[in-house]
Structure formats: structure tokens, C-alpha cells
Amino acid sequence: MPEGRTLLVVGAHSADFVWRAGGAAAVAVASGGRAVVLALSYGERGESGELWKEPEQTVENVKKIRHTEAEKAASALGAEFRCLDLGDYPLRVDDAALMRLVEIVRELAPDAIVTHTPEDPFNPDHPVAYRAVQQARLLAAGAGVPSAFPGIRPPELYLFEPHQPELCGFVPDTFLDITEVFERKKEAMEAMRAQKYLQQYYLQRAEQRANHARRVSGEKGIRYAEAFQRVLPQVVRSL
Amino acid sequence: MPEGRTLLVVGAHSADFVWRAGGAAAVAVASGGRAVVLALSYGERGESGELWKEPEQTVENVKKIRHTEAEKAASALGAEFRCLDLGDYPLRVDDAALMRLVEIVRELAPDAIVTHTPEDPFNPDHPVAYRAVQQARLLAAGAGVPSAFPGIRPPELYLFEPHQPELCGFVPDTFLDITEVFERKKEAMEAMRAQKYLQQYYLQRAEQRANHARRVSGEKGIRYAEAFQRVLPQVVRSL
Amino acid sequence: MPEGRTLLVVGAHSADFVWRAGGAAAVAVASGGRAVVLALSYGERGESGELWKEPEQTVENVKKIRHTEAEKAASALGAEFRCLDLGDYPLRVDDAALMRLVEIVRELAPDAIVTHTPEDPFNPDHPVAYRAVQQARLLAAGAGVPSAFPGIRPPELYLFEPHQPELCGFVPDTFLDITEVFERKKEAMEAMRAQKYLQQYYLQRAEQRANHARRVSGEKGIRYAEAFQRVLPQVVRSL
Amino acid sequence: MPEGRTLLVVGAHSADFVWRAGGAAAVAVASGGRAVVLALSYGERGESGELWKEPEQTVENVKKIRHTEAEKAASALGAEFRCLDLGDYPLRVDDAALMRLVEIVRELAPDAIVTHTPEDPFNPDHPVAYRAVQQARLLAAGAGVPSAFPGIRPPELYLFEPHQPELCGFVPDTFLDITEVFERKKEAMEAMRAQKYLQQYYLQRAEQRANHARRVSGEKGIRYAEAFQRVLPQVVRSL
Amino acid sequence: MPEGRTLLVVGAHSADFVWRAGGAAAVAVASGGRAVVLALSYGERGESGELWKEPEQTVENVKKIRHTEAEKAASALGAEFRCLDLGDYPLRVDDAALMRLVEIVRELAPDAIVTHTPEDPFNPDHPVAYRAVQQARLLAAGAGVPSAFPGIRPPELYLFEPHQPELCGFVPDTFLDITEVFERKKEAMEAMRAQKYLQQYYLQRAEQRANHARRVSGEKGIRYAEAFQRVLPQVVRSL
Amino acid sequence: MPEGRTLLVVGAHSADFVWRAGGAAAVAVASGGRAVVLALSYGERGESGELWKEPEQTVENVKKIRHTEAEKAASALGAEFRCLDLGDYPLRVDDAALMRLVEIVRELAPDAIVTHTPEDPFNPDHPVAYRAVQQARLLAAGAGVPSAFPGIRPPELYLFEPHQPELCGFVPDTFLDITEVFERKKEAMEAMRAQKYLQQYYLQRAEQRANHARRVSGEKGIRYAEAFQRVLPQVVRSL
């Protein structure tokens, strides 16, 4: 893979990127590329419960705290953070919001996009995010044939790891070695103070995915890894 | 992908490799690596009908012709040809034959192995070959944990394209650009004179897979491609 | 399973619950629990053809008859009947209707919800009902993490048997013995006079599912059973 | 199959029918039946890039050209062409448009409907078309039980071949011999001048599907074929 | 479908054909064709328990009774009965037995073969029978290319309905109207006195499959039907 | 679930039961039941590499050590340990070995059997074990109809968690709370000194599966869990 690639990570809520693709973002930046994180919402209703325990909490304040946390986490990874603030539980992406997403994909012309799985029986918003990203990618790139609009080069499309992978139909086919950037991912996870209980969980996942990566490749140096699933075929120069 | 990789192509019959992975073999060699073709049988019964039209044909003579053809084809690709001569229609791989296969995998310690799909409702021998290869790979490499025998580094495992892909459950996730070596593949195909009717078919497939590869990647220079399906996850350095 | 559980059965049309989960409702009540039936529509267009054969029939009258029938059937089972009256053929559940559904799930805090399969190539409304129920369950319970709203304990989620199970992707993993309450189900089925032709059909299904239940468990006393498919894992105290 | 059948081909864009079901339309007409082509849009944005290369091109003019081309192609096949002109990239079918589609299905009462696959990771509009057709078919025919509206006899439902079949989950179970009408399909394809690059591609597909049809049936006379996938069971008089 | 077709029904045990494809056999004969039933075993151990309740019963006697019953049932259908007598629970088909099966397929050159599903978690022998039939069909017909042996025209391949269809992965795509021959099937079922408990079960199935067939086709005259699943694509003359 | 149940855990190698079903065995015993562990081999070749690092190690000695370790681990759980000693890498279960397995299943008449997944691309022996167990269960219990041999009551059948669940097609539908017996499982894991590197891995899995179990059920007290997949439907008394 060449250096200098642009990676776009799209999450339904502002913290999703950290646990699921924080390492991928850090790797992109560390290898001379660019990583942009786009949250469709702040997860202010569904995933900010710790903040709502504060008396007199307001939705605006929750969003503000979530924005600050996400920016801090992104910054630890070397990534930019943006949010469409579409609301959550339920997340709705109407055609106007879809077009905003299309514009961002067109503007960034990323080499790869990473997002949620199409199915998630534990979350009402994740599949909505997938469908929006999948549509936006096609609308920005066209169908691979001449079209009325300027099309970007078709970005690769990956799914990141959901919380309960087997129950979301997630079958990893790509293990990314994140050993060298793992301290950054840890720092990013620590920034998400509203969801502290996930730090230990995803630390363990990184070790397990590294175990899987070592077994399948024989590369003994991998200590931490992230798992992804490609949605579309890849083009290679040799087997 | 680094240069100098070793590719092992295993076919149930002596001609399978040409149509399905001839380009992959040529690419491996062209990029400074090594390609070994292993046929489990000569396809002397099921796929040599043209030769049997000769009066007084014998099985020994058919095998000899098939061997010569396969060697010529392999040679056009820069590959070595070997055959276990296990018989076809039906192909049977008993434990002794399996151990011969294990020994070859261990000896070559290939970076990647390419073989048939696990299902093929049009061929009695292709799934038998898959199972043997899958077992041999595991027996040669071990389970990724310390074992009683010296284990090679686990080779990547690919399926090559069957004749009727959708009906074999084949879902390509890897398109290999074979534009630069296509003349060699053509030459190899022409060497398989007992199955001339397949040359046009696989020429067209190479053009179509190139169309698919261009569409998914935007790489307009691809004129010919081969399609493969990975059986196991890959480990990458960046998305 | 403890006694005193609350079961919520959600159907696209007012008669669905009788054929598919009438036994489950009766069992819940018979074991000291509560069963609530929620119809999203009266099925007044798509499934009330017998009533439309009456001259000068009106939609309001059809709904009234369907309401009376459903209440009578529910009553035979010991269950409560409610209807959101959203219209059918096609059934549409907009966000306002979804929120009404969420409120009902939150109010009842059921131990288990039973509804249609996600796919049904023979019915335009059943998959719509599934999606609404699946979303409502998640919005009422949250994602299993602290949230902005009070979350109920996550209800179990089951699919009931569609008319043509294999073609809806229905794979039963749970057989409920309804032998002891079968007379109630029969009475409930007889109350649905607008769809008389289904009574024999579902009587036979109950016998067949009992045959399957006996075979898999060896419990010879099961004469009638209903089949369900769990959508989410169950937590058990022993295997 | 009896003569005199009515075939309805529904495409997301005005050219889809030619490549994917042109032969089926011509066969229906040649055997004394009727073929109607319904385009949901002109594909004026996503699939008319060649036309947009003209300076000062307008959307109205593109649609006009596409209409003329489609009519010419349909005419070569002996089919009628209609277009709902709903717009493309993205195609949206709201309930009003759905009802127009229902009315057309009811008016034609076709023996069979052919349309896109439910999944297509390369096109944002094809799955939208599938869902609309699937819903319209059910709303026009009812659920197979008496209903409030006059129901037509349930049409058979087929998927035509997508551009990259394996990646759309397309598994052909029906090969249609189009040898006798192939000149008409060729003429129709030549009428689609805005998408010339597809003519060679689908000529090759017709030859390959003929190869598959010959292999599975032993019918050596098939030179050109189209592939389809049935969505619903068929009723037969003998095996 | 033309008249005068030859149908081969292969069952693991001598009674399988009656319940699952008795109608198909009768239809083949009634329309001027031929039906041959081949049992791989007598089911003397696994499915003849009623007979073993007789004191001093012997395996030879059980086989004799089963043979008589099967012949009587076949005769009611107008079919021929043969048995390879390979033993059951477990059924084993070694290469010699496979070659006997190949010879029979070659001798009969059937238009269609019907057999068990590849998966059946309730029966150890059914999947063994499927694999043998699938291999035998390929070895008798060849791979669709010239071969060393005389190949028959490739027979169509169907699966008949297993006892618990959803749990065997059975998805019916073909409903055969057996209304006109149903009396013969009933008579055949009554001949299987060792498995009386199945007569009611399969009578009900025939009614339900007829219900399904009516719904999907609108053909109201179907009272009894059998369900099948095609394994390979069919070639048609029109959609 | 009633107390006093008998659980049979069958592993391809002598250590499999500890990591994958150690908790289930301990729970069975703790609730007044019985747990028997049956290893088909000692894993002496494929999974005892640490032991082979000893100079002059012999296969007999490796087996002896593995036996002692497994007994110690089983004892910590309160379970009995048996081994068929069939050899590993590759494991082969011929019909004689299968009959020994059938006898054990018949002797124990377990309420539930737990074993490997049918697919495991990382291990040559696990699928072999699954097939043997699945066959043995059917041969011991019969097909649910009267048979020539005395049949036991059909045991429930579960798959335990493989090392890389998604890649083995493992979809957990049953989470067993093992919090109360976790100290015993830990002790059992510590007894497997030849595979120390797995202790941390399966400790983490137990925590993660507990997280999943808490989320799906709302039962906050679960600290450790094991995941299983049911192969056959369960019969229940209420939903």
C-alpha cells in the first residue's frame, strides 16, 4: 500500500471511531496520510448516559462535551473530527443530509472509507449509518461509467468491528497491525470519558485480534490489531 | 506485496491451472518469484475427450500427452509442473496421497496457495482437491501453536475462478491485474490443445474481470484480470 | 422460565396473532403472566376480503368487525387487544407511529416480544412490522449502555411462524408446547370468521410442530406446538 | 410454457432492459406474447455521461435522447417502452410513484415481471427499483387471500443479470435460450449509443450463458442465452 | 414439459420415496413416462422399529417385508422398485457401491433425478445418499466436456422434501401439482404399514403445499402438491 | 432447566474442553449433575509443542503428560475425563471408532452434548470431531421413530466457542453464566501447562461474553460467561 492515503471514518455517534478504527486512523497519519473522522451524530441520547447523571444536564451541554472529547481523541490520533449533528436514537439521514455526506466524500476523495456493519441487532443507528455511507459513496463516485457529475475515484469500503461481531454478521477478512500506534489509540480511548467502561473491552479486543493476525500470518511481532471486513473486491499486483 | 514470492497452484486435473491461475503464476515469476503447479491427476478420463477420439488411444498415452501439454503451458508462464497422478473421475486422495501433498507444501513453503472452490456442482473432483489442499496446508503449517513437527509459515489461501462461478458459491474479492503477462497466459492456453474450446471462454473472462477491476478501483489501465477469493484474512500495514 | 412473565405480540394486521402466537399468549396467561396483543392495522384492505363481499360494505365497518373479532379471539386466550390502526396494503410506520410503539413497549416492559419475520415475499406489510418492532425495542431498551432516557430491561425477541416458512427464511429454534391451552387457541381461531380458511391450516401446523418437538426432545406428551425463532441470544443457568 | 404471455421488464434506468432482458422481451413477442418495458428513470444523471460531454447539454435534452434510444431499442425487440421519469442518482420511489407502478402492474396483469437484484453494491438505484417492484407486485396481486381490491393473478417474479453477478448475490437458476432472437437483441443494443462500451460486454455474456446452458442441459444448439433468478417457486405439471 | 420422461427417485431407505416423491413418480407414469425408485438400503435398522417389535424377528425377514411393501407402493404408483441393500444406520457408499449407482444412472439415462437434501440434522443416512447421487450423476454425465467414457445427457437434479424442511436448509422452488394422481399416492402410503404414523403427516403436507402452490400461482384447482428444490439451473424457452 | 443433568463434552484434543466448555462442565456438576469429558485424541502432535521442546521426548510420554493434565483439569471442574486416543493431525474416526463413540453416548444418555463447530479453517481435526459426534448422536438416539436398536432420548447438541469464532461460522445463541464456578475454570485452565498462552486469552473471552450476556439480558451480576450455539431446536414451556 502506498503512503499518503486519505482515510475517512464515518460513525453513527461521535465515539464510534475511537474503539473501532482509532488504530486505522493513526496508521494512516503515521504513514504520511490523512485521516478524517465524520460523526453523523453526537450520540447524545443513546450513548451519553454517564453525562446525563449530572443534575440539570442539557442536550446542548452533552453535545459540547461529546464534541470536545471526540476532538481530543481525534487529535491524539492525528485525525480531524467533524460532526453532522443529525441526532440519535433514532438517527435519521434524509436526502438533504445524504447530500451533505456526498459532498464531504467528494471533497475528501478518500482512498478508503470505514463505517458500521449493515446489520446490528443491538443498535438502531448503526445500520442507518451504513446505508447512508454506502449510498453516498456511490453517488460521489458514480457507477464506474461516465455520468452527469464529476465522479471521484471509487474509494475502498471497509466495515469496522461492531461490539458483538458474530451477531452483526461481521466476518473479518483484514487485520491491521496497530502495534506501533497503539499508544495513540490508548490515549484516544482515554479521552472518551463518558464511555470509560469500553476502554478495557477494546484493549482486550486489540490483543485478541493480534493473536488472530499472528496465527494466520506467522508474523510474531504483532501485539495489537484491529479487524475489518472489506465490502468490495480489491485489485492487487500479485497474489 | 514484496517481490520474490512463491506461489503454489493446485489443480484436480492437469489443465486447471492454465485457465484459472495462469496469469497469477506468470505474475509471480515476472516479479522475481517462483510458481509451482501441482496437478493431482492428468484429467485423463474426465477432461481429455478430444484425445480419446483417436483410434486405439491408451490411458498411458493420454497421460503422456497431457503431461507434455501441461509442461509446455507451465513453461510459457515460467512455472514448474508436477503431477501426483492420482486418477480422475473420481479423484480420490487417501491419507498416503495427502501426506505426499503435505510434504510438497512443506518443501515449497509457499507464500500463497491457489486451488478450487469447496463446492462445484458441475465437477466431482474439484471439491475433493479443495479438501485435500485445505487439510495439507493445515498439516504443514500447524494450528498456529507449537507442535510436534516443524511448521512452515502459514501460506495464504486463495480459490481460483470456477467455470460457473455463481453456482459454486464463488464470490471474488481479489482481482489480479494480468495485463502485462497476458501474452504468456495466451500462449499457455494455446498449449492445451485437448481443450481448445476453453481458450475463447477464458479470454473473454479475462476481459470481463478487467472491466470489474477497473470499475471498482478506477484504474483504467487494466485490460486483463483474473479473479480470486481469499479463504483466510489478510494482515495489512494500512487500510 | 419463571411464571408471571409479560408477553407482547405485535402483528401487522389484527388477525396475525391468532394463527402464529395464540398459543404463546394463552401459555403466558395460564402460567400467571400477562399477554398483550398489538395490531399495527386491522388488515382491512389486504386480509378482509370475505367482509368486502357484503354489498355497501365500508372501511369503517370492516375495521369495526375486525376489532370485535380480534378482541373476542384475544379474550379467548386471556390476552388484551390493542390496535394502532395505521392502515394496511401498504402498512407505513412513520416516526410518530414508531414513537407510539416505543411508548407501548416502555409501558409494558415485556419479558418477550413476538413479531413477524424480516423477510416475507408474500406480504408487503410483515417486514414493515418487523422493522418497526425491532427499532422500537432498541429505542425503548437502549443499547445496553447508560443513555439519556430511562431504559427498560431488554425484552427477548422472537419471530413467529409465517405462512410459508422456508420462503421467509424462517428457521425455528424454539418449539412451544401448547397442548394444555390448545382449546383456547382453537376458540380464538374460530373467532376470526373473516379468515375461516386458515383454521384448518394452522390446526395442522400445530400437529406438525408437535411432531417436530417430540422428535427433537423425546417428550411424547406434546400434541400441539407453535414454532418460533429467537433473534437474540438467550442467557441460561445451565446447558 | 404457453404462448401469448405478457412480460413486464422494469429497470431503474432506461437502458437496463436491453442488456439484461432484451432477449426475454424478444422471445415473449416472437412467441405471440407481449413485452412491456418500464423504466423508472431515464438514467439521465448516472448513466448518460457520454451525452453530457456535448457542450451546453441540458437534462431535458438528455432525457429526450434517452427516450428515443430506448424506444428504438424496444421497437427492435417488438416491445413497448414507458418511463415514469422519477429521476436517478438517487432514484426515489415515494408512495405516489409506487401507486403509479401498482396501477401499471394491475393494468398489464403480466404473467411475469423481471427486474433488478435486491442487492447491488455498485449502483444506488437498482435495489430501490427492486423494492418498488416487489411491493407493487404484492399490492396489485394481494396476499393470495380475498382482499378489498380486485387482485390480479400473481405474476411470476424474476431477477435479471446484474453487471457483476457474484457481488450482487445473483445465482442464476434459469437460462433462457435467445439464439433465435439474438439479432434483435443485437440491434437493440446498438440503439443504446450512449453506452456503446456495454455492447461487447453483453455479447460475451450471452455466449457464456449459452455455454452454461449447454453444459447443464446437453442442448447443443444454444448459441446465446440470458440468465435469470426466480424469486418465487414455480408450479409445474411434471418434474 | 414433454411427455414420456424418465424419473429416477433415490432414497436412503426403502420407504423414503413414497412420502417425498410418490406423487412425482405417479405423475411421470401417468403422463406416459417411466419412474424408477432406487433404495440404497431397506432402512432395516433405523426405520423399521414396528417390525422389530415382533418376537424372534430377523434382519432378513425385516428386509423381505420392507421389500414387499416398497414394491407394492411402487406398483401403486406405476413405478419400478430396486434396492442396492447397502445397510443403514449408518449407510455407507464405498466406491464399488458408487459405481453400481453410476451404472444404473447410465442405464436409465433419466431426465430427472430426485433425492435427499445435502443436510439433515435428524438423519445420519440422508446426506450420505445425497452425496452419492450427486457424484454418480456427475460420473455418469461427465463435466459437460468430451470425456473418456460415454456420457449421458445431464439429468436434472431435484431435492425432495425432508421431514423438517427448515432445519435441513430446504427451500422449495418447485411445486408439483399431484391432484390427479393423489389417490395413487395415498394407496402407496397405505402400503408402508411399518411407518403408518407418517400417512397423516404427509397427507397434511400435500394439502399445505397445495395451499402454497395456489397462492403463488393463482391456480385454484390444485388440491395436493409436492415440494421440490432444484439443484441446478433449468433451461427454458420463454419466461 | 432441571438439576441433575448429564453433560458430555467431546473435544478433538485433550485440552479443548477446558477453554471452551470448562464452565459448562463445572455448572453441570455444581447443580447436582454429571459432566463427562471425552477427548478423541491427546493432541499429542498438533497442540503439544511446548512438551516437544524437551530433549528425547517421546509420543508416549507426551500422551501421558497430556492425560495427567486433562485429568487434573477435569477434576478441578468435578468432571470425569476419558480419551479414545485416536491420534491427531490428522484425526481420523473410522467406523469402528465411531461405534465406540456411539456406545459411550448410549451408555451416558446425556441430556446435552457439546462439541466443535462443523467448520474451522484453522484446524484440521475440529470438523472431523463434529461430524463424528453428530453421527454418533443420531446413531445412538435414532431418527425419532421406532428402530431396531434401543434408542436413548435425543440429547441436546451445542457447539462450543472456537478460537476465531467469526471465521468458523460460529454465531452464539446461548450465553451460560459461569460466574459462580469461574474459580474452578481458572484452576482447570492452569492445569493445562502445555498451552499456557491460552489462559489469558480465554480469561478475556469469559469477560467479553459476560459483557454480551449482560447487554442482551440486563442481568448485571454476570461477570464471566461462556458462549454456545445450539444445533437443534429447543422445546420450551413458555416464551
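Going in written order, the chains are labelled A, B, C, D, E and F, and every chain counts its residues from 1.
Everything that follows uses one rule, which is that a residue touches a chain if its C-beta (ideal position, glycine included) is under 8 Å from a C-beta of that chain, and two chains touch if they have at least 3 such contacts.
Just so it is clear, the model here is predicted, and its values are computed rather than measured.
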Which neighbours does subunit A have in common with subunit D?
-> B, C
Starting at subunit C, find the fewest moves between touching chains needed to arrive at subunit F.
-> 1
From subunit D, the most remote chain by mean C-alpha position = F
In terms of mean CA position, the chain most removed from subunit C is B
At the interface of subunit E with subunit F, does the proportion of residue numbers present on both copies reach over half, so same, or stay under half, so different?
-> different
Repeat of interface A-D, chosen from B-D, C-F or A-C - more than half of residue-number contact pairs shared | A-C
Just give me the whole-number Å value for how far the CA centre of subunit B lies from that of subunit E.
-> 37
Check: subunit A positions touching at least 2 other chains come out as 122, 143-145, 167, 172, 212, 215-216, 232-233
If two chains touch, include that pair; go through all of them.
-> A-B, A-C, A-D, A-F, B-D, B-E, B-F, C-D, C-E, C-F, D-E, E-F
Spell out the residues on subunit F that touch subunit E in their complex, using ranges where they run on.
-> 95, 98, 134-135, 138-139, 142-149, 231-233
Report the residues of subunit B in contact with subunit D in the complex, numbered from low to high.
-> 122, 163-167, 170-172, 201, 204-205, 207-208, 211-212, 215-216
Report the residues of subunit B in contact with subunit E in the complex, numbered from low to high.
-> 44-50, 52-53, 59, 62, 89-90, 92, 121-124, 167, 195, 197
Subunit C-touching residues of subunit F, taken from the complex the two chains share | 1, 5, 7, 24, 27-28, 31, 33, 112, 114, 141, 143-145, 153-154, 156, 158, 172-177, 212-219, 222, 225, 227-228, 230, 232-239
